[in-house]
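Written below as structure tokens is the structure these notes are about.
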Amino acid sequence: MSDLWILSPVLLTLGVGIFLLVWSFAEHILAAKAFRPAEPAAGSKPEKEAGLKTVHGLAVGTLLAAAVLTLGAAWSGDRSVTLFYLMKDIPIYFHIDDISRWFVTVVTVIWVLVGIYSTVYMQHEGEEKRFFGFYLLVYGVLVCLDFSGNLVTMYLFYELMTLASFPLVLHNGSREAIMAALKYLFYSLCGAYMGLFGIYFLYRYCSSLTFMPGGTLSPEAVSGQAGILPVAVLLMLIGFGAKAGMFPLHAWLPTAHPVAPSPASAALSGIIVKSGVLAIIRVVYYIVGPDFLRGTWVQYTWMALTLVTVFMGSLLAYREPVLKKRLAYSTVSQVSYILFGLAVLSPAGFTGALLHVAFHAVVKCGLFLTAGIFLFCCGKTRVDQLAGIGRRMPAVLWCYTLFALALIGIPPTSGFVSKWYLAQGALHADIGVWSYVGPAVLLVSALLTAGYLLPITMKGFFPGQEESSGSAEDTEQKQRVQADTAGAAKRQEPKAAMLVPLLILAALALGMGLLPGVFTDFAGGIAALVI
Amino acid sequence: MDFIRNFSFFSIVLSLFSGPLSSILGRKWAKRVNTAEIILLGLMSVAVLWYVLQTGEAFVYTMGHFPAPWGNEIRAGVLEAFMAAFFCLIMLLCMWGGVRERESEIEASKQNLYYIMVNLLLCSLLALIYTNDLFTAYVFVEINTISACGLIMIRQNGRTIEAATRYMIMSLLGSGLLLLGLCFLYDLTGHLLMSNIQEAVHALVANGQYQTPLLVSISLMCVGLAIKSALFPFHTWLPDAYGYSTVSSAAILSSLVSKGYIFLLVKIFYRVIGFDIISSSKVIHVLFAFGIAGMIVGSVDAIRENDIRRMIAYSSVAQIGYIYMGFGLGTTAGVIASIYHVVCHAATKSLLFIAASGITDVSGGSRHFEDLTGAGYRNKLAGVAFTVGSLSMVGVPMFAGFISKLYFAQAAVGHTVKMLPTLIALAISTILNAVYFMKTVIRLYTPVKDGEKKAGYGTITVRQQPVKAVALILFILLNVILGLNAEPVIGLIRTGLEMFS
Amino acid sequence: MHIAIMITVVLLPILGGILIPMLPFHNRKQMLIYIEALVLVNSALIIAMLLDEPEEAFVLFRFTGDLRVSFHLDGLGRIFAAMAAVLWPLAVLYSFEYMKHEGHEATFFMFYVITYGITLGVAMADNILTMYFFFEMMSLVTLPLIMHTQTREAVLASRSYLYYMIGGAAFAFIGMIFILAYGTTSTFVPGGVLDPAKIGDKTNMMLFVYVLCFLGFSVKTAVWPFSSWLPRAGVAPTPVTALLHAVAVVNTGAFAAMRVTYYSFGTELLRGTWAQNVVMVLVIFTIVYGCSRALKETHLKRRLAWSTVSNLSYILFGVVLMTPLGLAGALCHMLFHSFMKICSFFCAGAVMYKTGRSYVHELDGLGRRMPKVFVIFTISGMALMGVPGLAGFVSKWQLAQAAVASENPLAWVGVGALLISALLTAIYMLTISVRAFFPGKDFDYSKVADAEDPNWLMLLPLTVFVLVIVLFGLHPQPFIRALQEVASVMTVS
Amino acid sequence: MDFGNLFHNYAEAVAMILFGIGFSNLLLQKNLMKKIIGLNIMDTATYLFLALKGYIDGRKAPVVVDGIQSMEAYVNPIPSGLVLTGIVVSVSVTALMLSLTIRLYRRYHTLDLDEISTLLKKEDK
């Protein structure tokens, strides 16, 4: 119990988050009491600067503090806490192992940076108290999720995460935002329940639900149940895959991201989707055990699904005009890279997957932040509006380009490393024909990635004449494009609070690619442990 | 104490002669005499019951001291005495419950005629119950019919006369068959006294003679009595007869007259033929089938009906169906259930009729369903009474109907083939009963909007009609007692049946 | 303590209730105080009785022969009685506020309190006849409560309610008869009372009768195809819908189903037979059916009613698993669901009472004005959909574990049904909360300016319920252990 | 069955046939008068049957004339008694029926029962 302090960041963030929420509510009530029915929409509009400052201060301060505590907790050795028993032999149990460290670090870094970024960004979204309130809540929940030491605990926070994060999606309160949020919610819940179905069965056929490298499936219990158990596992994979945007439950991603505020979508596709990955890792490698799946139809189905997703995602992204939607689709395909890596059940694949978790988090988060900046500074959402943006904010666009390269996986950026490992894993695993199909698909999708990311850079820097003439846009559109290119002459970089996180992320994306050794070793260590 | 032996005979004679007596009396006195007489008969029957229970065996009273097989006999056992007492009680309550209607609906000049009819009826009922001689039974069956017919038609309007005619025709058919049947029996056995007939019949069966004629005569008698007690499909006359005659007539007819015939049938089963022969013959299957059909059809008709009196009348078709189904089971348990149902139906149905009259009084005299809205608030006691009656008919625990349902079901379970049909039929008819009775009850307690207040929506308090109130309350108590503590009654019936054979 | 206390707790509310319209109260306050006192005293008596645990049975009176109305408190009954004892005082408290604008309070509270006694009668019934007796009584005394508003709609609803109830009872009656005929005794014995010698080769018939009987009793539990009465009965005042049609009446049905399955027919006879499959298929179908209807329903209370339909079938699902674990799960869900559903119903009632809005699409933005109510509503909703840490998750866990352990493929399908219905539950509950809290960017708050949180009379019960829900969710161990003890009685036979 | 036997008891056969005629008339005839006639035929048939049963060939009616006391001289008296009673009953019943018929005829000027009921239906409207 002495290790109870590792939950302090959680308590901190949850406390502050709830405080902020209550504050915003109280304001609403007061507003209602104050001017009824004269002033409609009596919320959010009259925000005082001072109030805002305190909110930002509070939020960022909390985040930093929590981050310090979390990392401290994470990197101070394997600690474990048993809160209380939810049911007989099912405790709420936290245990920090390498996977936890890996994920929680990623989460923390991204979360802090995005938090700082959103202090500026959220000004034109309003309702900042509510936003930061939920933002902090989600952070707390995520930390718990990463720390959780058994399946039920993980499921608990998995669902809480869904519930806490969907207000972020519907933040701007527009109808389509709400609809998208509900879609996100119900897809995730559907996935969660499929997972739960599996958990019910695993609870019966596993010696315990506590995470063990290599799995806890008890053979004697399984023996009779060759029939139902694989089905249950596959359901779990698809279910948790929903969060990770894996086909067939991927459809929420492209809907939810564009309507959410950019920081939210950054967090979503940077981190939240990764929690799906985490869940799958935990289930496959720590409960069921790779040996149970290896060579079964479950593995092949899973692999097929991931590859389908990879290809389909990048294809859709390629055809998508709206930038954030395009990025969302690319998330779909990229996360399935990770899942593919997991699906081959080979150490190299696992390593690649873990690496890609971190890299993709950084990169995709960066991309969304840039998209956010485009939206924030010059209200541009569609790709074809971005022509000539490079004149205006070159730094941003350079970062964007860097991220793009990383995502495509061009050396020496980080993406290359992970994809290399993924391909390696696929080629050396004995998964029959898949070991060639897989890498091929990855390659194709990489090309597509290049196809849908780089044009923005090109047009951003060289809004050639072919842009204004070539594209089959209506004249009004053309005029706007020219106006942009004209107006783009004067540079106006965004505020530091937005730029700095971006730069840091870019640095990470590049740095991790330049000296991947430490990461690969760490990930490889885990891989060796579980397989 | 042996002079109690005479009571049964006295009671018949007394009721027979109080008829002419009340014809010379004035209206008021006739009523009082009638009441006093019924009470007296009741007490005598109770005394007989007590006596028989004391001695523990039935006694035979030979009229004019001619020994069998020539003389005419009266036989009183537990069951007879109990039935007599019970019929007297019901009769009394029915008379009380219908006082006002009688005086309003019947011309003053005809009123002590009414009392004559009632006396005759009671006399014939008692005779049917007590007599040990088949032909006497037949004679009193006819008297019963005539007086019942009088009760129907005494309220002068087209409906009643037509109903009376139909009733007459049907029951004449019935009694014709009955007569023929017992002629056959007499022909076969050469006896008219039940006990002797039984010996003879047993002898016949023992050496296997005359099986077909025996069967014919049995079926003739069964069918005859079935027709007279309005078993489906011979019930066409019943709704009009019960629906349009004055209340106490309706109550008496539904709860006593048909029951008299049924009791006679029971006696024929046990005393004349012998139940083992009956239960081995095919006749009871027919009775069973028609009984079940009656249960269903009667209820369905009742649902389709929207005149409350006729609805209740149809429901008695269903109840008669119950009774015959019980006979049809061909087990003593079934017969016990049927007899109990005779009792409980007598108690309930007359309650319903009287309550219904109380309800129609406060609904502008209309018996039409829509006009009864909210009547439960206007005439509280009648509303409560009707509710109790309905619940009892539906077979809700704590009321009489539940017990008989219980016994029917238990009797059915003892039977291998007829078990499921019976139970399913019970369940379905329960639902149907619920449909029409509860529909009415809910209607009674649906408050009427001021907009749709109809003419004649008065209110009646208990004080305004003390007699009727007393009758209703007693009926309610009777139902609850029968429902909560049926053990003694069942015990009487059981011992009575044992005494029969 | 003398065992007569058992009859006391049954009769006290009935008689006290009948007195309500007769006593000469000077003002409303006195009446309310009398009622609350009555209910509290009774609950206190019940608690005392539960602690005292009287062993022997108390015979009230005999119908005929060995058919007697008698009470005996065993584990199952203890749970049910305890539940009633906790819920009633709170519900009454809530109704004090709610019934202000309904009128006819004396009559209302009379029947409301009488039902309390009847419920206990069912809980403590010692034999099937007694249970049937109170089962029917229950249908009758709740009828006026449904009719209370006395609109045409209410009358029709009460009519169909009655038809369903009596029809169900009629078929349950058949089962009862068979128990009497083929059982060694009519009293409830764990593991059943059927006498194999008597049954002989009539097994199939017994199974048929079991199906009839089960369905008959389950009519009160609104199992498909007998479910339509429950939403229609939603016209009753909310305290009725909440306490009776989410808890007392419907749980009576579930309770009766448990009794006949585990204590009368016995699971040995039934497990693995076609009868079990038939009822299980029906139940599983109902689980999904109820949720989908709830999804379609736009009237708030009716939506909750449909969700009740499906949740009750969770209980029945546990029952028809016919394993001790299943029974434990069923009991668990019976207990937890009662709190969750009464909580959400009371929230709905509070909304209707305060704003007069009863349709889902009218609730936009109310969350901002009635935050307490809607936060509680959301929590109960999340509990219903089974978010871990709240009551619903635990009971579903129990049920699913029982189903998985029963090694019966149909039961596995059932687990799937549970989760599908959980998803649907999420959809139809959370959409309400989302509407209430996030009505949309340009929502005109002046439309809901009049709304505000209700007073303590309503909030106190809500708070208690939500606390209980959380308690059940976070620390269910003691309860579950108790329930499993009760259920484990089955294994001995 | 051997018809010789039937022929031997031709009288009973006749009685039965009569009974059938009467019964069907009472049941099926529309006209009330014919119904009543049917009733009488039916009853009479029964009495005939009874009388036949009581009759013993070559014996006298059980009336004491010129002092023969032995029972063998007389036919069985009981059936005759029954017949007498029966006749009384049937007479009274017939009287009642007739009176009913008269009432109905006065009201509705028809003897057809079905017509009467249709008229009654009209009355209610």
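When the chains are written out, they are named A, B, C and D in that same order, and each has its own residue count from 1.
Criterion: a residue touches a chain if its C-beta (ideal position, glycine included) is under 8 Å from a C-beta of that chain, and two chains touch if they have at least 3 such contacts.
Quick caveat, the model's predicted, so the values are computed rather than measured.
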item: Central chain (by mean CA position); value: C
item: Between subunit A and subunit D, centroid-to-centroid distance (C-alpha), Å; value: 104
item: CA centroid of subunit C to CA centroid of subunit D, Å; value: 68
item: Length of the line joining the C-alpha centres of subunit B and subunit C, rounded to whole Å; value: 44
item: Centre distance in Å when subunit B and subunit D are each reduced to the mean of their C-alpha atoms; value: 28
item: Contact graph of the chains (line, ring, star, complete, other); value: line
item: Touch relationships between chains, expressed as pairs; value: A-C, B-C, B-D
item: Contact set on subunit C toward subunit A in their complex; value: 368-369, 371, 382, 385-389, 394, 397, 400-401, 403-405, 409, 412, 415-416, 419-420, 422-423, 426-427, 430-431, 434, 438-446, 449, 474-477, 480-481
item: Residue numbers on subunit B that touch subunit D, as the complex places them; value: 70, 135, 138-139, 142, 145-146, 149, 153, 158-159, 161-162, 164-166, 168-169, 172-173, 176-177, 179-180, 183, 186-187, 192
item: Residues on subunit C engaged by subunit B in the complex (per definition of touch); value: 61-65, 67, 129, 132-133, 136-137, 140, 143-144, 147, 150, 155, 158-159, 162-163, 166-167, 169-171, 173-174, 177-178, 180-182, 205, 212
item: Complex contact set, residues of subunit B against subunit C; value: 391, 394-398, 403, 405-407, 409-410, 412-414, 420, 423-424, 426-428, 430-431, 434-435, 438-439, 442, 445-447, 484-487, 490
item: Contact set on subunit D toward subunit B in their complex; value: 19, 22-23, 26-27, 32, 35, 39, 42-43, 46, 49-50, 53, 78-79, 82, 85-86, 89, 92-93, 96-97, 100-101, 103-104, 107-108, 113, 116-117, 119-120, 123
